[in-house]
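Next come two complexes built around chain A: one with chain B, the other with chain C.
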Partner chain A sequence: MLKVKLRLCCALARIPPTDARFSSQWIKVSTSTTPENVNVEKLFVEKDVQKLLTDLTEIDLENKVFRPRRTSIQQRSHFALMTDERLEKTRERMREEARRFLQFVPVKEPRQESVQVLAKDAELQDFDTSKFVFTDITFDATDQDRTVVVREPDGTLRTANPEEHDRMNRTYYQKPNRPVNPPPLFSDPYLQNALDKDEHEFVLDWACWFYEPDDPSYIRLSQFIFDRINESSKFNVITSTRHFGPFAFYLALNDNIPRLLNYFGGLGRLADCANLVRLQKTVRPDWRVTIAQGDSDEKIVKDFVKQNARFRDEISDLNTFLNTGKLKLEVEQEHHAVRERVAPRFGFDKRRTRITSANIRGADGPLGELSEMYSVKVVKSEGSGEGAEGAEKKGGEGRGKGRWNRRNQKKSDDDKKE
Partner chain B sequence: MRKLVIPKYYGRPSIGLALFGCTNRPFYHVCVFPDRALGRRYESNILEQVGTFDPLPNQKNEKLVALNFGRLKYWIGERNAHISVPVLELLGLSGLFPIHPKSFIRAKDNRQLIADQQLKIAAEAAEAEKIAEEQSSSSQPQ
Partner chain C sequence: MLATGGTVARRLIHSSYRLACEGKTKEVPTPEEAGYAYNHVDRKKGMYKPQHSIAEQISYMKSKSYADAYKGLPIYRWYKRNIKGQSKLQPPPRLFCIDKHGRFNLNHACPVCRDEYLYFDYRNPSLLEQFLADGTDQPIDILKSGLCREQYTLLRAQLLKAKEHGTITFGVEFRNFDYRLYYKDWTAEPGKPVERAGIRLQDIHPDPLVHFPTFKNDKNNDWDEWWIRHDKFARKAK
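Coming up: the complex of A and B.
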């Protein structure tokens, strides 16, 4: 009993006083004008904020949550013949499971970097050339409340800072894929490479496993990645993952939502746009621009666009959707079609280039300008119909049989030479 | 004739460092050994391992010590274990015990050593300067 009480006292002592915290690490001072003393942790777990974030995180079962991914578990895809009813039930079950997978990473304030000096022994100066780190490996100490103290070479005894504390946890309590020192992926040249390859989710997942959510370096890393996603407008790498909630929350907190709004608008998801605006107004309440009780989604978004005319350039897709009802994809296709009509190349759509008996020898064919230097022979291969007619086939088709075909072709060429 | 006892429950155990490394790589376990009265024969019957000590500093110049304070308190408080001096020093540095006199002596010796070295370096530097001055003064009049 006494032990439990003591542990409780320790836990209470560890919680930093909320009043002393003026500004949050999650608010970038340069970009925002929010009131200073906002408790971000509390705000994130509020019920309406969580509801909005959950609604914003669409559940994409096939392409995101249950897509093939690199794991150590070997699994085969499973096929089953089902009735409609059972199919619907299975889908619902998978959606339930996906909801569990998509549980948000908590948004926490970083732990305090300052250390507490426990004792100073000037007599002990230079007792050794290196620091001594003492870790308590008592069975019932958890990773959070473990005592780690450091004896400096100058004789000071102090508590460990968050970095040392977590490193000791990682040293003495190993877990798979959690090395003692942070992997190079989290520092710059490699991080940049990974982000260029759209591996944002992988990096964030690993960081979430490697660090504690209230580790200062985790918060720095995740904010860096969030900023990169927002700058490059690559929102599809993070939608429908467990990091989307914190991401949207971070953007809303920093008054930085227009690009995400534009992304949703380009996809024609008006309800999500409205939810995002609602989220921002919940997170940064402003009495001048509030949402009335009965406002429709469209009115909310239109009001936001009107109030924030300074973002006009960044939300062009959303504006197009609001005014004409056209999605980004449709608009792009139209543009493409117009360009084709203005400057038709070779008289047909270039994307659907076909290799026919007419163009296979010419400069329009697969060889292009090289066709002047080489003479093209058309060889009948197995399975494809008659010579000249059979040569007419789509560019992408028969890619699987390429090697076989090539070998055949070579052989027949040799035959001809002989 | 040897007594038939269970070493774990007999007499006064002792806590000490047991060398567990390999060639050129010392690594110690902080272990609880059975009563000395049982003889050398029972020294290898380690009752419990209560920690580790890595005497080689790591990349960040730290020597890592892990101690199971809960079990240490049991062995020291309830079983009145005898503690060897190296372990006493570690416990003193960790803040559980008062600092062991030997740590102070070592610190003093080290400080003395450093001071001597600095004196030596200073003397050498002064000598080198003197020689340089002499050379320059002897070369100028010519």
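Coming up: the complex of A and C.
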């Protein structure tokens, strides 16, 4: 009798408060009005949800899916001469290929950590100070159904828990980039550093290669990264990757879409906005606000904006687009132009050229202090009225370091423009 | 003198100990203030290599003296092993340039040993990247790099560490999921598995113009015809 009571107490104590309230690990406590007992896995594989997620994931061939990455083998570049028709066909085939690369990572609940006690041999107690793990390494056992058992020092023989199981898989069946212990990249401060460098995709790719999708640590890690992306509104690091589907699904499930909606609105992608709203209303059905059959994209988005007035500050770009039809980029350029127009009142006129024939040879010219070392020769060419510089700029720091650095370089160019 | 396994291990421990001690790095002065310079001492045998922190190394690699010394090329490009004859037939690389006491045991040290600020470290990926083969995450051949065996071992170790700490990124293998294993009510077959860098242009764009027929050997053809006709022209010749 006493034993039974004790066991019950233990069972109650083990359940954390979050689990008692929400059945799913993918729904956060902070959001209220969440439907309880929602089956996240089932919801994720529903046909219309999958279709919406696939539509939301754009396919960017050159900058995302087939972006240059460091591989383990050296490859040559291939060049081919083709007609327009042929080029279009090839692009279409590449797009097909890319669709396979965009297969979503399964959204799973954390797995059961239960173990099964096979035997208790009291005579084996204290046979050693450490556990013994026995692994079945026969040829036809797969990673999922491989038998792994553990002999505890107290003589208990039990099946391995999933963590030990995976670790034995990694030990006996090694794959490249899958070390036995999780790499330090998956924990702070290295995770933080990688995310600061916008390597979200790399971290997520590696995490889904290293962990099983139902591993609690994978779920925790991916949710952490998703939250970081949403907080900092850096959606372009994850669009057109295989993680965008789970990301959008996670946001919709937690009623947290306004920032992503704002991102799409700023780019003027109204269809994506409408799809996102549709996704949210499919995932969290609410009889008070439903979408009628024949609603257009614009009406869906406008209705959503009206219904969620509390998000007004977060969706300013979307509102600008809906009201004036201007994209975020255009608005920023206008601001820039206005600032330039206003500037002359306070200081010098930016529009006037400051390099003239008088100062081009001096320290005020384009060479700066180098003008003492180099003589500047001004040559008038046919196309441009201005002179050409005599000295060349020295190429950046070190070797070019390959094509994958082009991404960062572009970004710095963009910064310069801004 | 050959290094035994023990001395190599001791050296590795020594260098990793040095790296571990630099957890708390002091404020590093700017390259101009610190007055970094390439060490032009040409006979280093018997001298000690100065020790510098990783922050100093990074700062040195951004400084003007580094740019002047290496002119924007990878550091091994300025190094030539003192060998006779073809580079294919060169003797194996030396085991180490710096002995267990931390002294140079020769004058013409390898490209990393010879520069007082340089040593491989995962926190300075720009040095490691110089030794990667173009487009890959693998180090170049040891004879091409001109490194001694000790530095090459350190290079591989620190490269692995850099990957695991996320300072050097690479294309992780693509994992193809079979949804039927993960969801009970998923019935669709998974598509053909794909892999990174697994697409060839020939598959995507088979060249329509160039067609090479398969080689046909003389099988199942009636070459005996020659002998049948032979009677005709042989008689004619007579």
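Keep in mind that, in the parts below, the second predicted complex is superposed on the first by the 317 of 418 C-alpha atoms of A that agree within 3 Å, B and C clash if a C-alpha of one lies under 4 Å from a C-alpha of the other, contacts with A are read in each partner's own complex, and residues count from 1 in each chain.
Going forward, a contact is a pair of C-beta atoms (placed from the backbone, for glycine too) under 8 Å apart; a residue touches a chain by one contact, two chains touch by 3 or more.
Everything quoted here is computed from the prediction, not taken from an experiment.
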Superposed partners chain B and chain C on chain A - clash or fit: fit
Touching partner for A:Thr138 - first (chain B), second (chain C), both, neither: first
Partner chain(s) touched by A:Lys306 [first = chain B, second = chain C, both, neither]: neither
Touched partner set for A:Arg69, first chain B, second chain C, both or neither: second
Partner chain(s) touched by A:Lys47 [first = chain B, second = chain C, both, neither]: neither
Contacts of A:Arg288 with chain B and chain C, given as first, second, both or neither: neither
Partner, of chain C and chain B, that touches more residues belonging to chain A: C
Shortest span in Å between Cα atoms of chain B and of chain C, once chain A is used as the common reference: 13
Set of chain A residues, in rising order, touched by both chain B and chain C: none
Chain A-facing residues of chain B, complex: 51, 57, 59-71, 90, 93-95, 99, 103-104, 106-108, 110-111, 114
Residues on chain C engaged by chain A in the complex (per definition of touch): 61-62, 67, 72-74, 126, 129-130, 132-138, 163-177, 179, 181-183, 185-186, 191-192, 194, 196-197, 199, 201, 204-205, 207
Complex contact set, residues of chain A against chain C: 41-42, 44-45, 68-75, 78, 80, 82, 86, 90, 93-94, 97, 100-101, 103, 105-106, 108, 144, 175-177, 179, 183-185, 190-191, 193-194, 199, 202-203, 205-206, 208-209, 213-214, 394-399, 401-404
Footprint of chain B on chain A - complex, ascending: 118-119, 121, 123-140, 147, 149-151, 155, 157, 168, 171-172, 181
